[in-house]
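Next come two complexes built around chain A: one with chain B, the other with chain C.
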Partner chain A sequence: MMDVTLPPRLKRIGNKLNGPNTLGNSRAFWAAFAVGMIVMVAYPLVRGSYAAGQFSLFLAYGLLALSLSLIWGYTGILSFGQVAFFGISGYTYAIVSLNLGGPLGQTVALPVAIAAATLSAFVLGYFMFYGGVQDVYVAILTLVVTLVLETFMAQTAGSEWSIGTVALGGFNGIPGIRNFALGVEGASISLSGSGFYWFVLGILLLAYLGARVLVNSKYGYALVAIREDAERTAMLGYNVKRVKLAVFTLSGALAGLGGVLYATWGNYMDPSVFSLVFATIPIVWVTLGGRESLLGAIVGTVIIERLRLWFSVNASEFAIVFVGVILMTTVLLVPRGILPGIKDSYVFFSKHGIRDGLERGRATIQTRIRAWLESLGVGQSDTETPPSSEVVRE
Partner chain B sequence: MTSGLGATGLLTPLFIGDVLGGLDSIGVPVTQLLQMADSIAFIILAAIGLTVIFGMMGVINLAHGEFIMMGAYITTLSVNVVGLPLPVAMILGALGTAAFGAIIERTIVRRLYGRLLDSMIVTFGLGLILTQGTRIIFGNSLQSIGTPFGNVPGYTYSAYRVLLLFAAIAVLGGAYLVFTRTEFGIQARATIQDAETARTMGVDTDRMYTVTFAIGSGLAGLTGALYAPSATIVPGMGQSFLVESFVTVVTGGSTVLLGTTLAGGVLGTIDAIFSNLYGNFIGQIALLITAIIVIRLLPDGLTGLAHTIRDKLGERQ
Partner chain C sequence: MSTPQDPNVREQPAVAATGTSREAILSTKGLTKKFGGLTAVDSVDFTVDKGEIRCLIGPNGAGKSTLLELITGQLSPTDGDMYFDGIDLSDLEPHERMDAGISVKFQSPHIYESLTVEQNLRVPLNRTDRDIDVVLERTLDRIALAEKADEPASDLSHGEKQRLEIGMAVTLDPTFMILDEPVAGMSVDETDDIAELIRSLHDDGMTFLVVEHDMEFVRKISEQVTVLNQGSVLTQGPIEEIEADEEVRRIYLGENA
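Moving on to the complex of A and B:
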């Protein structure tokens, strides 16, 4: 894609897309990416409209994953609250579009819903970051906010909980949200099946490329600097709080966009989007795919959701167990996620060659397993105590 | 043990009833006080295991709710299936959870020291597995043991729930003694303050981490055990402790026991007032807002405030 024959304008865009903060910058990567996109675009033609409709949910989730990758992977702020913004946006969309009715109502509801998510993220972020809340406390507070929202939405079953003509509906949520539509009465397009799929795919592609531009810009360097060492970044003259707030708000907006697509995909909203399990799921996607990789977040989403779909059909009670196991094994064994893992092993093997590389890999794994067994105190004599106790015994 | 419980069962309500009746006759709002005691006990007990592990080791155990659930399950099963007397079953619940915590520390948490957010995620994954695993093995709910002691005489308030306040105070006092007055407590705190120096002084720091994590887990299990008679025993029951426990950690600040006590008192009072007036949800909102305000004003939580006051008093003397 980044050929020398490209016109200068395209090349400038290309330069903005590539940089040290994204894993794939080579021509080979972009070629593979183009092939992948062609496959994705052709998917509905091969598998039919119904499968495409199913798949568009994963793509809508992809926006949620992107938002978490930005805030957590790049800025180092673990937020359990992305689903809160996702849900707030979905609910707002439902309320506004159903109250106004018609395609115009839906067209108006889209920006209103995203604005609601953005505003919530801004307010919460303001209180947290300007209140000096850091690290784990951010994770805890965002989680608590999400859980409280669940409690709130679940108790809105009574008729007094209506906004306009729309009842919030408690556990049952709001049904009857129409398929996504844009335009005014008489001149509108309604999207479902393949059309909706292509629409979501297009939005996700734009969001992905936009996020790439962002993380490879000066601003993106600031994000990574904050992740690596917030104090030093502040010493260098960056307004850390403001940058954190800005990226938190932006990621809230992105999650909100995903929420609107989710609401129109399933035609309903219910409080389960604020539940503990759903709050974890984005973290599982991003952990598996690679939190410091935007594409990894999306790939992780598709893999996990595909498998969750399989489980829900074949062994529904084990779905959550599976999610937990994936989460634990990924963090313990492939802490950076699979996409960075693949990239690392690619670099490793191209440096050492296949045979030598395999030999080294085997040695590393053996050492690791031995160290792990030692830490459990299995089958080891006193001569090989773990390093931490060496100091103790003189 | 059973006879001991029977004796307390006979004595306590009489004693409480007399005192409360006396208070009520001189215009003390007894019902509100009972509610407050209930709330304070709940918040302290919900948080204690989490705060010990977080305060001493800096690890947020997101499977905390599931550890509580585990304690409750062991207790309930010991009573219902094995037929053990309740106090024994409770001790078993605490010990069983402590043992499980020790295993988890040895196999998993140990590998993630210094990777705080990762340890949160792993324990979260563990929590999911425990909840769903419990559901698969034991079904959607267990038959409850039933609350002992009945109501406080003259009131519609469960005497057992009120007794839990004394349990909470006993737990705090016990933890205080263990961490300040025993050889282990001093070694554990030395490890937390400066692991390397502690090692050179001959402290087995690895063991300290394991034992501290086990104690924190055991306290969570004890909470589950104590609430087993009065709670609905379902796999997701740990979740009902989550909001309160996390808010307490945030509000309390870094000094474990002092923070939990202060936060428990403040939050329990707020929770009792708001839950009583406007329902459970508003109670939770009030807790959340309190936590946000406290963090906004006092970055080190309530213990930060306590330390500042202590330092000022010290200067004056």
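Moving on to the complex of A and C:
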């Protein structure tokens, strides 16, 4: 079935999706991807509408992770500000949709909210990149902006903080956001449960494929080049500031799209989207899944959020501690993240074969553990060949 | 390949390759750069003619690298003017200067370690409208890395990395190439390869400004040498004159002349 020759048009699209800047480009990858998508589409049918509704939050977060992967994983700009654009978009959606009311109001609120996030990203990005802010200072500045937003939104409890008929509500936020709807009065569809899940899944799929096309394009090369060596890239004629601003703005839009879905998922917005914990958790998703992998960012998000939900039900406030332990373990075992780790082992086993590969893998792990134990001063007597430093000492 | 319509070949002035032209391609007037109390480049009037290979020598701290960084735009001058091919450079951002026809190879190899050799060359080519595959193949041959095209750049030797970076700069088809210590840390054979590469590019009409400490190498490639000392131009002339100059011998060549 996989050997059917694709029509030329489909093949051209395929060529744009694949390239050196994405990990999975083989037929095996796309076959696995298709199976994964079938499982995802079938999920609500198996687990029911409520579980699907729960899960759609993770998919909305997936857009946030995708935006961080683009700006951090591909362009090398560590931003804590993606949640700021996520939150700005969510708040804007709440204010506009509740003021206008009805499905038409919600339909209008969607582009307005994304535009607000995009514009915020553009303005912040302009002052940072054209102002010469670089490296760790971008991380600090974006974090500060996010935390300032939290402080600001948290003090909006008074009735003077109203926009139209909508009170910003301080710590309590804005309740009563309607489920996502598109259309005009009388001819609209409202999405909840399974319907909302499929909708978010479709958006995430499109965003993922779009991001793949982007990173494998000539523009994607420029992003990777800036990540690897910004000065060299400028000295090859690239307008580094403008490219950084463009990708930062695009990531802001992507985060904003996630923010709208978040607001309609929970039917409320509150300042916790700007909190320190929420600002750092996308870094955890993306690090765990593999920051130089778009799919890795999404997979990391789903894993962490699924676990966080499980832990918060079963271990309440220790959830974040467990997440930290998982992150540390992953980073120590597969420093580049889960998906790159899977890709590396796939390449390793197809090179050495299963049996030989396992043997080599076992030997490597043994050597590593032994070296690690020795560095702790344990089990030195077990080693057959003493380390060279000992020979010298004696 | 050599028809004027060919977008892959920038039109070169016919006299450039002969090196007899006296038309300036780069000139600075009273160029000054101060870092706090330190004057790294002190009112330098400096001219490079079209089609020459100019070497810039001088003791450490003479202001050679600062001068280069002023020309590329990585640093902004405290005072003075720079003109390139009739354009006032001070109005241009670094990337715009590259578009004007300047290319640079940094002192230590600046290449994209995680990309392959071919991908490294593709980065500059992607923004040009040149026929990428043709230029790619020609450049790989020129820098003698065709067999390593698909290897990660991190696996290259130091000399190969230097060649790759020159190759990346060459793909932009510059008229003016700046090389900051192109043979630092290289073996004799590798040094000869670079000299060969520079001469071949020069034959195509490219102008060079080369900062170099290795006098052996300077002798191989150079026509004119400018000596910089304490931020100012000390003297300038053919290599034989420079090496015979008492003042230069004292401050710079000293022990190895």
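Everything that follows uses one rule, which is that the second predicted complex is superposed on the first by the 342 of 394 C-alpha atoms of A that agree within 3 Å, B and C clash if a C-alpha of one lies under 4 Å from a C-alpha of the other, contacts with A are read in each partner's own complex, and residues count from 1 in each chain.
Keep in mind that, in the parts below, contacts are C-beta pairs under 8 Å (C-beta built on N, C-alpha and C of every residue); 3 or more make two chains touch, one makes a residue touch a chain.
Source: prediction; values computed, not measured.
**Student:** In the superposed arrangement, does A:Tyr221 touch chain B (first), chain C (second), both or neither?
**Tutor:** second
**Student:** One more residue to check, A:Pro20. First (chain B), second (chain C), both or neither?
**Tutor:** Once the two structures are laid over each other on A, A:Pro20 reaches chain C alone.
**Student:** Could you look at A:Gly237 and tell me whether it touches chain B, chain C, both or neither (first, second, both, neither)?
**Tutor:** Only chain C; A:Gly237 stays clear of chain B.
**Student:** Counting only touches as set out at the top, which of chain B and chain C does A:Ala28 meet: first, second, both, neither?
**Tutor:** The answer is neither, since A:Ala28 touches no partner chain.
**Student:** Counting touched residues of chain A, say whether chain B or chain C comes out ahead.
**Tutor:** B
**Student:** Pick one for A:Pro335: touches chain B only (first), chain C only (second), both, or neither.
**Tutor:** In the superposition, A:Pro335 contacts chain B only.
**Student:** A:Val277 contacts which: chain B (first), chain C (second), both, neither?
**Tutor:** first
**Student:** For A:Asp229, select first, second, both or neither according to whether it touches chain B, chain C, the two together, or no partner.
**Tutor:** Only chain C is touched by A:Asp229; chain B is not.
**Student:** Using the touch definition up top, name the residues of chain B that touch chain A in the complex.
**Tutor:** On the chain B side, the touching residues are 54, 60, 106-108, 110-112, 115-118, 120-122, 124-129, 131-133, 135-136, 196, 199-200, 202-206, 239, 242-243, 246-247, 249-250, 279-281, 284-285, 288, 291-292, 295-296, 299.
**Student:** Could you list, by residue number, the parts of chain A that touch chain C in their complex?
**Tutor:** Against chain C, the touching part of chain A is residues 20, 218, 221-222, 224-225, 228-229, 231-240.
**Student:** Give the list of chain A residues in touch with chain B in this complex.
**Tutor:** Touching chain B from chain A are residues 78, 127, 131-133, 135-137, 139-141, 143-145, 147-148, 151-152, 155, 276-277, 280, 283-284, 287, 317-318, 320-321, 323-328, 331-332, 335, 372, 375-376, 386, 388-389, 391-392.
**Student:** Within their complex, state which residues of chain C touch chain A.
**Tutor:** Spelled out, the residues of chain C in touch with chain A are 72, 74, 93-95, 98-99, 103-104, 106, 110-116, 119, 122-124, 126-127, 168-169, 172.
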